[in-house]
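Which chain is which? They are A, B and C, in the order written, and residues in each are numbered from 1.
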Amino acid sequence: MDFYLGLAQIIGIHTLLGLSAYCVLLTGQVSLAQAGFFAIGAYVAGMLTVLAEWPLIPALLAAAVIAGAIACAVGFPALRLRGLMLVVATIAFGESVRLFFFNFDYQITRGNIRVGPLGGEGFRQIRYFPEHGWSTLEVLLFVWMVVTLVMAALWWMDRSRAGAVLRAVGEDEVAAQSTGINITAVKVSAMTVGGVIAGAGGGIFAHYTTHIEHVQFGVVLATFAIAYPILGGLSNVFGTLLAVLFVQGFLIEGLRFLGDWRNLLFGALILLAMNLRPRGLLDAGAIAALRRLSYRKDATGA
Amino acid sequence: MDLLDLIDTIQSIADGLLFGATYAMLGIGFTLIFGVMHKINLAYAAASVGAAYASLLILAGVKAPPAVVFLLSAVAGGVLGGIVYVVCFRFIPLVNPLATLMSTVGLLLLIDEIIVHETQGVPLAYPALFSDVIVRAGPFGLRGDLMFVFALGCVSMVVLLLLVYRTRLGLATRAVSQQPTAAQLCGISLDQVNGFTFIVTGVVGGVAGAMTGAAIGMLSPLLSLPLTVKGLIVTVIGGLGSIPGAIIAGLLVGGFENIFQFLRGVSERDLYVMLLLFAFLVFRPGGMFRTSSARE
Amino acid sequence: MRILAVAIAALLGGAALFVPESTFAQERTVKITGFGAKSGVVRVFGVNSEAALKAAAEEINNSGGVTLGDGTKAKIVVEFLDDRCNAEEGISVVRRIASTDAFIAVGPTCSNVAESLFGILQKKVGDSSDSGLQFPIIADVAAKGGLAKISEWAFRNVPSEFEMYKSLFAWLKTQHPDLKTIYGGVEKDFAHSNATFGVMKEQAAVNGFQLAGQSEWLLADTTFSTQVREMKRADADIVAISAHPFTTCGVLKEMERQGVKPKLLIGLTSSSSIETLQGCAKQAEGIIIPTSFAPVTPEAKMAAERVAKFGGSADLHSAAAYEVMFILRDVIEAQKIMARPDTVAADRVKMREGLAALKETKGLLGKIGRTPDREAIKPFLYVHAKDGSWEVLYNPAS
């Protein structure tokens, strides 16, 4: 049982990572910097709960705010870049954040041990959850409470004018600008919101793994971050959730019985998924089909 | 700074510039794909390393002269290039650039895993040409094998420029990337041209992979991701689509890497390379030799 | 519907008749799950660990199996899970194992996974305010210093690099009293290399060698000209390299290129494997590495053969896994583990107690001591690379 609860926690954390990229992808920007914001959130939240002994929720809020602020700062220069240049710039940013933490030492003595991030060795003993007696179920509920909040906020935004504006900028910037939309404000806000979500996700991640190090926040994690919304489809927040379930639940854990073949199938299945469903698992067509199904049920039910 | 330090600094720069020749070779292929074909292929570096591995594994213990191994790597690169096209680009509609991006990521993961499965992740020794040739110029020594790589890079540049600007295939490639519909109306087969271009860039990649393996002396699955990132940086600094730009940018990145390492140590070296990239993005977004199409 | 129910009942009844009574009574199995990295550059470690665990299990099963608390003999079945050297997956894998009837897990390969894993375990036994996992784990490969201290449920059977290099430098001083200076090279972004380098420097200084300087590089670096030039300028008698095979070979090749020939070369424990020889046998000629495994005793030779039968190769890491299986057998028998679905929690506690109570265990090279913070003090010897293979240079125990 504990295993499934733990798996659900991972899915929740990765959903946050995916949603942060989803936000930014809606405006047409391919950002490989989300892992960087994730890292910032992780280190800040970890340092606040371990070194400053803050309670968890204020620490996560602070982590989210700081990551969001940095994302806002990154959003401005990112405006000038398109396509591949933006991809490379965001990779470079993510790598810079990782390298910063590789060089970052801040330890204090507590009792007879030193705690805090130690450059390449990482930041160990972020044990807020076990130390305060949280059970796996309680952590799970907490993670999913945050995820639900974020998903609800994004869902609501999608159905409001803000969502339409974001997608308009994503579809065709020139057209959007000619209708009077402030492209700068939209793109930077999307980047900021993405940063906030990634920061919160990173903070929870740090407490989940109890030990974080710079290696975890590299290009691979950044690629996973955009993989989730692309694989899931950009029409809907549930697409990202579905993609996380697919990757973490099915590809990584579900295929374990295949032993060595699992790793080979990982890349192969992503390839297949993109060839078969280029707009994502839950694209506009799939959603329309699902809606038709529910209409038909209503019709027969009545 | 005394004389010894000065000599060391210059030697460091020279070493970096020469090693940058390997980045230059990789950058040429990247810039062709991104600049001329406007397609993001993140699996390029992995395919190049994969081609180098293939050349070793096909020969499996047979003592072949290095030139044969390199040739085999080029051929394998071409084959892999064709596979990349069919598997990642052929069946995905052009309007979905994100899908092709993700499919190349999937292929990168697949190639890496195949390499790891075949070799158990253990580094393999790679043959080199002129590996014991050191050209001495006073107190400085220049690696002969890296100078050969640089020469090869220049030859590739000439061959590719001729291909792209003087042949019908090159004309067709440029037509297809600029105006796919009009090109089709002129009777150019999209699939054939794209496929062929991928194969050509794959051959370049195979050579680049072989040269990188020869310069390091070993192949390891560790290489694919860092080479992808470096290749992308070189492409952006050099200018999308500019082959001479890719070569010069490759040498530049190599030189700067070494100089940053010499001055500030290895932990901060990559940070400064990123800052260099950011400087280019801010002050010269099209890269050093920006082509008109790159100024998006 | 009723016909279906009757048919199923008949089938089940018939099947029960055909199952011989004896199979339920005697053929018991105990599953021991190992886990480690079977992906990426560290795949070879996982493959070797799995082979070693299976080889040891076969050996135990061939001599009757393990005696459980109720007197029955059970065969050991080994399962090995891949954590891809990833902390999240490692946690998932251990949670998966802990949700079965398992009472012990062997692993991980990577030190970063061990850090996270030991961090989610309950820190102190009996602390009811700590909701950490209560499941014993014994590590075969993860070698970064001081990890078992993190939790009382964490154990390791890895060599103590402190002891090995302390002894090595002391011995080198007696063998080569003319050598004075030492130059170091380290893979800065790999925690294990970094930590061991600290040990190397400390022990060299303690034994009277003067540190002439150090060079640094990263684990995926491909060019070392600047570092080797610094080494050349320092012109030290001894060069010590704390890095894994890929960069060690890169540095050694660059040293050959620049004509740097120190009188002695010292390497990192993990590099005393076939990887280094496959990459640069010629340049690595003569490199001295302390290791906790070499086929010098009859047990070690037999173990090496058996592990090879299962598709792995025996080196200091997989040998530790081999030894762990026998340690587990001894603790299972001493603690009278019942290995039944209803005794799982009790078995885990007994397993932990049993492992914590060990003062010494039997290793392939001799007796292994156990420390109060659950680490191992393993016998070791020095090997050097000669003509493309590792040969024993000196055995301190002899």
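Methods note: a residue touches a chain if its C-beta (ideal position, glycine included) is under 8 Å from a C-beta of that chain, and two chains touch if they have at least 3 such contacts.
Here the structure is a predicted model, which means the values were calculated and not measured.
Student: Weigh A-B against A-C on C-beta contact pairs and write down the one with more.
Tutor: A-B
Student: What chain is the most remote from subunit C, judged by the mean position of CA atoms in each chain?
Tutor: The most distant chain relative to subunit C turns out to be B.
Student: Where the centres are mean C-alpha positions, what is the separation of subunit A from subunit C, in Å?
Tutor: One centre to the other, that is 34 Å.
Student: How far is the middle of subunit A from the middle of subunit B, if each middle is the mean of its Cα atoms, in Å?
Tutor: Result: the chain centres lie 31 Å from each other.
Student: Please output the residue numbers of subunit B that touch at least 2 other chains, ranges allowed.
Tutor: Expected reply: 112-113, 116-117, 225, 267, 270.
Student: If you look at subunit C, which of its residues touch at least two other chains?
Tutor: In subunit C, 39, 188-189 touch at least two other chains.
Student: In subunit A, what residues contact two or more other chains?
Tutor: Answer for subunit A, listing residues that touch two or more other chains: 102, 120, 260, 263.
Student: So in the complex, the part of subunit C that touches subunit A is made up of which residues?
Tutor: Residues 38-39, 81-82, 84, 87-89, 91-92, 95-96, 98-99, 112, 115-116, 119-120, 122-123, 129-133, 150, 188-191, 194-195.
Student: Over in the complex, which subunit A residues touch subunit B? Could you list them?
Tutor: Touching subunit B from subunit A are residues 25, 30, 77, 80-85, 87-89, 91-93, 95-96, 99-100, 102-103, 119-120, 218-220, 223, 226-227, 230-231, 260, 263-264, 266-271, 273-275, 278-279.
Student: Under the definition above, what is the set of subunit B residues touching subunit A in their complex?
Tutor: Answer in residue numbers: 34, 40, 87-88, 91-93, 96, 98-103, 105-114, 116-117, 225, 228-229, 232-233, 235-236, 240, 267-268, 270-271, 274-275, 277-278, 281-282, 285, 296.
Student: Hey, which residues of subunit B end up touching subunit C in the complex?
Tutor: Per the stated touch rule, the residues are 4, 8, 11-12, 15-16, 19, 112-113, 116-117, 120-125, 131-132, 134, 141, 143, 212, 215-218, 220-223, 225-226, 258, 261-262, 265-267, 270.
Student: In their shared complex, at which residues does subunit C touch subunit B?
Tutor: It comes out as residues 39-44, 47, 188-189, 216-223, 225-227, 229, 233, 245-246, 249-250, 253, 257-258, 274-275, 278-280.
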